[in-house]
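A, B, C and D label the chains in the order they appear, each numbered from 1.
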């Protein structure tokens, strides 16, 4: 087994979605690591924005919350949250937003609110935070989540953050542009069919079989005709992640592949 | 003739409308002098706000514009104009606003937009600036203007800033509270009848007769039963105005009574 | 005149049973000392509103102070769930908690609408989310300038807003740097405002940099000098976020008993924040911020 | 990468005939140098928008650059009328000027709505004024939360916004202190943005005080180093407002001929702002600001 963890592979894969000049709405965990990896590897010109109001951040340590003081010190701007949402996000200045959640369904809708009924929840989750507006208003969304029947159901229990809703042109019909572009799980990478807007497996991680993916997805998942193998992280990427980005392994604890 | 000018009397009279703790929207000229006089005489706790965004100003010279740098240096706060209008004025934090204009009519409506027809103006005036919102949203408005048939017509050519409109309860019926409280001219002082909302002469300046006032007002002006004589400025007030507030006589040029 | 008083006085005079209370601060400047005093004084039936309830509202919920919560993200940032919040919502203990749920953008707009004395503000957000189905406060309007429909959120007008800041003068002219959050909007939306600060400074310090003032004294009811008043959250330029505390909170609060033991020791067990600091000992020094001063600017003319 | 270029390049590349142009700055930081370059390059059919057209738009109107003006107060502050504006409106010379008129609050809301990508914003202002009768862009909506009606103004989206500031880095991260006006909102509402500054500084200066940044480089198209670029308006901490110039402008501009003579000598007659400063001579030093530095703050953690 190669010396990298699945999380490290996910981080490396996510980082490749970013290009220099992108204005990126960063979250905590894998997204934060992916953006910082891209910044060091191939996208020195990208601009990190956190919903807490920090713009052009240069964190000197791994932020454990989106409001960490290290995001403020040395940043290019720190602005009121009213501006973050009105002038940056709603005004179309955010190129890429990263999102996770408890459930993502076949059409890229995300649930981070409740498992079960809203009024009598089986599990009460934290809720939207800024996720709903990022899903609605960022030019493009990248989702990271684990691959299981529980986390990738046919239909989410609650649509916290809109993807393509019930597919086809429903999202556009409600006046929304953008939408989820890519879903990265611990088993593979999915894109969305331009017509049906259904999640389609486009690459599969080394050592994972299509059967495994199908056995762990809540619907009869389609695979792309030219299904690829996800490129593993390079030694340089692994080194940056382990030595610079998450030296204590806070977000990438397990070293087991 | 006493050694004070009519302008000085107007400044002194206007200053008496202000009490310590008032939050005052200040304009240039007589209002600025009146507020600064009150601040030095009897209202050290009043808070001067300019629509330019300066709050708690301590001007070290006479500001010739509402955006003078002397209003910024040493002030308590300098805020975006969006906040001045939304968070301060519309949010009911302004106790007193001073306004002037080219015309004020019988019901305290102010015109600072055009003389004649709007499409083909005889005279094109500067327009509202912040006057309309101050008239609509300040808790109380004090107006200063010269007393002539031209400046005090029965009905203004154009309502830039709403007073009591056509009188009675029309202002309230449109959802506006507040309204003009006092009009100070070079001949007298007017208040508004609580029922009809018509301007009524309540005091007359020394040396002016009721006939003179009537001859110089655009409608059959009513005088209060207990018509008073406007108190002249005290020597101390005159000294502060001349030595501290307007030493070069920029706004109060003529020294003739 | 001076509005300086103790935390006990300020909370005693200005926070009332049944109030709609806001204690804002997005990760930064969360007024924990004020929250602890509210718990000590046993306020009841509060409606508590915040974007991120965080540990401060998890503690108020556990202490039985809250009847209802208005929020947009109820978690322990980077760690996990808020256990007292989940117990109240899932099991109704120690008492049922009514919830009214938005998103961060929605909460920010609610405060801005309230602060602007407007009944609502519109946004392009919310098409497709189920939140508008479970919360009837979301309403749609048609733009008079096009055939577009926009979702609106209603203005929020708290009875009392409490914020923590780096410094203020004794009349409450308050300056903040680092993350602003929504404190300015929440304060202007509120009937009463308490400002708790690391440092009370002479007005001349405030007046030397008027652009830093986010809350003017004219809207402030009380000023409380409360150093370290935001711990375990942080104050830019004063002390770091106590991330270990946030991580440890997960175990502390997992069971109602553990959380009650925490409150007994660290809230009911101390008279005020000064005693809390003393009890913390060396940890206080470990969190001290290093010095990275800004380049000063000239306000002369 | 660096966006630094000369004023000639910036205006040449980014300001086009027929554009909706905004040069903001409320008394403070009015970008006069940019206005003069637009006149020199002979732009035509511009729609010019500003709260207070001030002398800068009076000059553009006299030079025949403008077809339409959107504004809220057209006067010479503390002095009198804007004569070129009045001639254009009252007599149609040098060419008729279409006007679209608001109030300061209305213009601020138009910029904020544009910057927020909203079709409009509502206000409690405007009941009873005749402005809503002569400008059909004012429209009423009913609040979905009450039976109140509110007036709305439409979002404004300029093609190009030009602002002057104390300092920026070479990517356009721009800092302002003193009066803010509506520059931030105008810049975010705009398709293209030019920032002209007294000083271009290293990014480390900007990063030492991120709360001062009002315009981020990500929305800036060009950065122009233009010291004294706001004269006769002022720059807090750099130079005072030239009140004598504003007073003198009344006589200079009273007749079309006098204003043309001014443009010939001070705009067409000089190649750039450097030559304008040289021509001003000793007056430049007289306007120099004294030093009143702010108390610095700590951004460490």
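By our rule, a residue touches a chain if its C-beta (ideal position, glycine included) is under 8 Å from a C-beta of that chain, and two chains touch if they have at least 3 such contacts.
The structure displayed is predicted, hence computed values, not measured ones.
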Output for shared partners of chain B and chain C reads D
Computed over C-alpha atoms, the centroid farthest from that of chain C is that of chain B
In whole angstrom, the CA-centroid distance of chain C from chain D equals 37
Chain-centre distance (mean CA atoms) for chain A and chain B, in whole Å, is 58
When centres are defined as mean Cα positions, the distance from chain B to chain D in whole Å is 28
Residue ranges of chain A touching at least 2 other chains are 54, 69, 72-74, 78-79, 90
The positions of chain C in contact with two or more other chains are 112, 117-118, 123-124, 148, 177-178, 180, 184-185, 208, 211, 234, 236, 240-241, 289, 292, 299-301
Checked against the stated definition, the touching pairs are A-C, A-D, B-C, B-D, C-D
Given the complex, residues on chain B that touch chain C span 23, 45, 47, 54-56, 58, 69-70, 72-79, 83, 86-87, 90-93
Residue positions on chain C within touch of chain A in the complex are 26-28, 51-52, 71-75, 77-79, 81-82, 85-86, 89-90, 101-105, 108-109, 112, 123-131, 134, 148-149, 177-182, 184-185, 234, 236, 240-241, 243, 246, 289, 292
So, in the complex, the side of chain B touching chain D is made of residues 28-29, 51-54, 64-69, 72-74, 78-82, 85, 89-90, 109, 113, 118-119, 121, 123-133, 136-137, 158-162, 165, 170-171, 174-176
The answer for chain D against chain A in the complex is residues 1, 112, 115-118, 173, 184-185, 188, 203, 206-208, 210-211, 213, 216-219, 299-301
Within their complex, chain D touches chain C through residues 117-124, 139-141, 143-146, 148, 150, 152, 154, 166, 177-178, 180, 205, 208-209, 211-212, 234, 236-238, 240-241, 289-301
